[in-house]
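Below: a set of structures, written as C-alpha cells.
You will see subunit A twice below: alongside subunit B first, and alongside subunit C after that.
Showing the complex of A and B:
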C-alpha cells in the first residue's frame, strides 16, 4: 500500500465533501444542532403523578395518601376538576360520589369517575386506575384476595431512570454517524458515474489504495464527529474505551453502507433514495431507547441496534465488556460483510 | 536505433464468449506516434486498457518500456499518461487542484501546475472550477493532466473529438511537442486526417484484429493509386473531369497532351486517404 497516495486521496475526498454545499452545511449544522438538542432536553426526571380529586365527603384513605411521586390535590367541584384535567393541570382527575364512603364500608363498589386527558399515555391511565383500586381497598379494609407475582422481562431498569437528554444521546450519536453514509456514498457514486475512478486507477494507485483511502475517509470523518459529540455531551464519562470502540465500529458500519449505496447509486438523488431507506431502518433502534416500549423484539434484526444498545447501556448504566462484547462482535461481522459487498459492487462498476 | 516502447505479443481479451481483442501482435518504437484506428467496437479501448494495466490479458503479453504490464502494473502506470475520450475531471475542483492531486498521486514534489496550464493554453484560468470550463478547455485540461508526470508513454483516446479546429490544432501541437521530447504516443482516433498528419505509424484494427500496420505513406503506396484530376472546358461550353493515373509509362505523354490540346481550368493531384485504404482492407468504413 502507498500511504502517500492514500493521504492524497483522503485529502481530496475531504475537500470534495465540503465542496458539496448541501452535505457540508448539513454536516456542520447537524453536529451543532444535535449538541443543542441534547442540552435543551431536561437533565432531571420528573416522575411525579399529579392527580386532581373531587371528594364531596371525607374519605381518609384518599385524602391522606402519601406515595412517592404521587401528588393528590383536592378541588372544590367536579366541573372545576374537568377543566383542570383539560387544561393539563393534572394527568387525571378522580371524582368520588357523595355516597362513596358508605358504599365502600358496605363492601359495595362505588361509582367513581375518572377523568383522563386525551393525550395521556395508556400506562398513566392504567396507573391511576390501579391507584384508585388500591385506595378503595385500603379504605374498605379488605385485602386483595389474589396473590400477584411480578416478573420483569429484560433488564430491570426499575429505579434506574435516566434523564431524557441522556436517553436522546445514543440516538443523536448514531444519527451523526449514519449521516456520513450519504456523504461517502455520494463521493463514490460521483467517482464511478463521472469516470474519475478510472483516471485514478491509471496512476500508481492500486485498487487496494483506493478502497483503503475511501474507507479511512468515511470511517474517520464519522468517528471524529461522533467522538466530538459524545465528549461534549458527557457520553465518554463511563467506560470510554468501550464507547470509543463502539463508535469506531459504528463509523465502519456507516462507511460500509456508504460503499454499498455508492456502488448502487448513479447520482446524488439516487444516493438520497437508497440512503433514506437504509437511514430510516438504521435509525429505528434509537427510538427504542428514547421511547421504551415503542419497538418490539424484531429490532434486534437491525444492525444499528447493537451500536445503540451498547452506547446506551455503557454510557447511561455503566455496563462493562462482559455485558456488551457480543454486540461488538455482531457489529464487526456486519461491517465486514457489508464492506465486502460494497467493494465487490464498486469493482464491478469501476474495474 | 531506439528500442521498442510498447510490444504486444499474442494479446487477447474476451468478455465471456465475445473475443474483443484477438491475438494481436505489434510494437511501437520509443519516441514514435502510433495512430490506432478502427470503428467502434473494433477492440481499440480494450487494447488500451490492457496496455495501461486496467485489464489483465486473457492470453498473450503486453510489454511497456521493457516491463510486463500485468506483473508491474503500478510501476508501468508511474511512467504513462492517459487521456480518456470522455471528460473525467473533478469538476468541483479548480484546474490547479486537479493537476496538484494527480501530481501527488504520482509522488511528484515541487510540482508547478501553472507551466502545464500555460502549455495547454489555460494560463490565467487555473483557479477557476472546472465546471465553468467549455468542452475544449476541459479537453485541454485532460491532456495537461495526462502530462503531469512527464510520461514516457502517452495514451490519448480521441483527444480532439468534438473540438473546434483551433482547439484541435492546439492539442495536436502538444502531441508533437511530446513526441519531440522523446515520449511515445499511442493515439486512438477516428479522424483519419489527424492520424495521417501526425502519426509515424498507423494501425488499423477491425473485429479484434490488427489488419494493417505501417507508415501512412507506405500504406498509401501499397493500397492507394496516385492520380491527377483535371477539370477542362469542353467544346459544348461545359466542364469535364479527366483523371490521369500516375506511375504508368504513358503518364508523361498523357499529361503533355492534356495541357497542349485541352483548355485546362483546374488540376490537382489525388492520393488515397487512410479512410479509402481502411475500406479497401476491411470492406467497411471507420464510422458506421
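Showing the complex of A and C:
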C-alpha cells in the first residue's frame, strides 16, 4: 500500500466533498443544530405527581404520605391552592373540609374538593382521584386484604431516571453517522458513473489504495462529527474508550453502507432512493432507546442496534467491556462483510 | 403561453415523471409520516402508565382493569412473556393474578399478587398503577370509598390532543414535499441533461415548460393534501373553503419549487437547501405542536398564512370572515412569488441564450 497516494486521495475526496461551499456550510450547520437540539430537550425528568394540599385540620394519612412518585405540599389557603393549580405549580389541588377528620372517624363520608387545571389530561385526573380514595381508605382504617408483592426487574432507576435528552443522545449520534452514508455513496456513485475510478486505477494507484483512501475518508468524516457531538453533549464522560471504539465501528458501518450504495446507484437520485431505505431501517434502533418497549425483539436483527445499545448502555448506565463486547464483535463482523460486498460491487462496475 | 403545449408537457410529466423516485417519495412520505406520527404520538407519547396482566383464571379484576381508560392495559398468557415485557419496558408494571383470586377477595381472605416493576419506569407511574390496582380490588371487595370527591376544573386552557397538534406539520409535509420537489427536481434534471435547451428551441416556451411542471406539482400537492385531511378526518364543516386554502398553499409550494428549479444547478444543492432552510417552511407546524410557544412567532413564517386558516376551518369550524385576513396575506405571498417565478424564467431565458 502506498500511503502517499492514499493521503492524496483522502485530500481529494475531502476537497471534492466541500467543493460546493454551500454543502460544507450545511454540514457544519447540521452538526450545530444537532447540538442545539440536544440542549433544548429537557435535562430533567418529572418523576413525581406534585399535588397541593389545603388541610385546615391535621389528617395523618394525607400529611405523612410516603409513596414514591407522589409529593403532597401543604398550602396555607384554598385561594392560594387554586392559584397554584392555575399557575401549573401542582397537577392538582386537594382541599379538605375542616370537619374531614371528625367525619371520617364518625364513619361518615366527607366531601373533598379536587381542583384540577382544565388542560390536565384525563388520566392524571383519574389517577389523583384514586390516590385520594386510597389515602382515605388508609385514614379510615380499612386495610387491603391483598398483599402486592413488588419485584423490580432490571436496574431500579427510581429517582435517577435518564432525562429525555440523554435518551436522545445515541439516536442523534447514529443519525449524524448515518447521514454520511449519503455523502460517501454519492461520491462513489459519481466517480463510477463519470469513469474517474477507472482513470485512477490506470495510475500507479492499486485498488487496495483506492478503497483504503475512500474508506479512511468516509470513516473519518463520520467519526469526527460523532465524536465532536458526543464530547459536547457529555457522551464521553463514562468509559470514553468504549464509546470511541463503538463510534469508530459505527462510522465504519456508515462507510461500508456508503460503499454498498455507491456500488449500486447510478446517480444522486438512486443514492437517495437506496440510502433512504437503509437510513430508515438503521434509524429504528435509536427510536427504541427513546421509547423503550416500542420495538420488539426483531430489532436485534438491525445491525445499528448494536451501536445504539452500546452507546446507550455505556453512556447512560456505565456498562463496561464485559457487558458490551459481543455488540462490538457483531458490529465489526457486519462492517467487514458489508465493506467486502461493497468493494466487490465497485470493482465489478469499475473494471 | 400555450395551453395545448402545457397540456402535452403535463401529460408527459405525469406519465414519465411518476416512475421517478422523487414522485413516489413525495406521495408516499407524507402518507407514511401521517400514519407513523399518528401512531407514535397517539400511543407512545401518551402519559398513561402501562399495565401488563397475566390472568389464567379469568378474574373480574382483569376485566375491570381492561375497561379502565386511564391506563394502558396489555394481556399476557405466559409468565416469561410478561417478565420480558417488563424488562424491555413494554409495560411499566406486570401483575400475576393467582387462581381463586376473586373468591379470596370477596371473602376477605388474605391473598397475594405479584407485581413485576420495570426498573426504568417513572415513580409516579408505579404509584398510579399500584394505587389503581388497590382501588379496583377494594371495589371488587365491595368496600365503599370513605370520601366523596368533587372535581372542579380551573382555567380555560383546552387539552389539544397530539393528533391535532401534529396535523399542521403533516399538512405542511403533504403540501410542500411534492409541491416543491416535483417542479424543482424536474427542472434541475432537464437542465442537467440539457433537455430544457432542446425543448425551448421548439415552439414551446420556457413559460409553458415551467407551467406544466408547476401544474403537476400542484395536482400532486392537492391530491396528497386532501388524502391526509381525509385520513385525519379533518375536512371540517366547510370543505370547499378548506380546499381553496389548500390550493393557495399548493400554489405557494409550486412557485417555490419553480424558483428553486430555476436557480439551482444540481439536486445536491436543492437537498442542501432543503436540509437547512426547511425550517422556514415547517416552523409553524412545530410551533403549533407546542402551545407554550407564543403563537405570534408563527406569523414570521410564510406557511403560517396557509396553516392558520386550514386549522381554523378544520378544527374550529371557522368561516370566511374568520380567515379572510390570513387568506389575503396568503394571496399576497403567492402573487409576490409569482412575480419572482416570472423573473427567474426571464433570467433562465437570458442565461440560455
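FYI, the second predicted complex is superposed on the first by the 236 of 351 C-alpha atoms of A that agree within 3 Å, B and C clash if a C-alpha of one lies under 4 Å from a C-alpha of the other, contacts with A are read in each partner's own complex, and residues count from 1 in each chain.
The rule we apply is simple: a contact is a pair of C-beta atoms (placed from the backbone, for glycine too) under 8 Å apart; a residue touches a chain by one contact, two chains touch by 3 or more.
As the structure is a prediction and not an experimental result, all values here were calculated from the model.
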Touched partner set for A:322, first subunit B, second subunit C, both or neither:
neither
Would you check which partner chain A:195 touches, where first means subunit B only, second means subunit C only, and both and neither mean what they say?
first
Which partner does A:205 reach: the first (subunit B), the second (subunit C), both, or neither?
first
First (subunit B), second (subunit C), both or neither touched by A:42:
neither
Can A:126 be said to touch subunit B (first), subunit C (second), both, or neither?
second
Does the superposition put A:269 against subunit B (first), subunit C (second), both, or neither?
second
Which chain, subunit B or subunit C, is in touch with more residues of subunit A?
C
Per the contact definition in the header, classify A:5: touching subunit B only (first), subunit C only (second), both, or neither.
first
Contact residues common to both interfaces of subunit A (with subunit B and with subunit C):
20
For subunit B, which residues are in contact with subunit A within the complex?
52-54, 73-75, 77-78, 80, 82, 84, 86, 88-93, 97, 101-102, 104-107, 145
Please give the residue numbers of subunit C that touch subunit A in the complex, ascending.
20-22, 25, 40, 44, 46-48, 50, 68-71, 83, 85-91, 95, 104-105, 108-120, 122-128, 130-135, 137-138, 141, 143, 145-159, 185, 266-269, 271-273, 275-276
Spell out the residues on subunit A that touch subunit B in their complex, using ranges where they run on.
2, 4-5, 8-9, 12, 15-16, 19-20, 194-196, 198-206, 351
In the complex, subunit A residues that touch subunit C:
20, 22-23, 25-26, 29-30, 45-49, 67-70, 82, 85-86, 104, 109-127, 129-134, 136-137, 139-140, 142, 144-159, 161-162, 186, 268-270, 272-273, 276, 291-294, 296
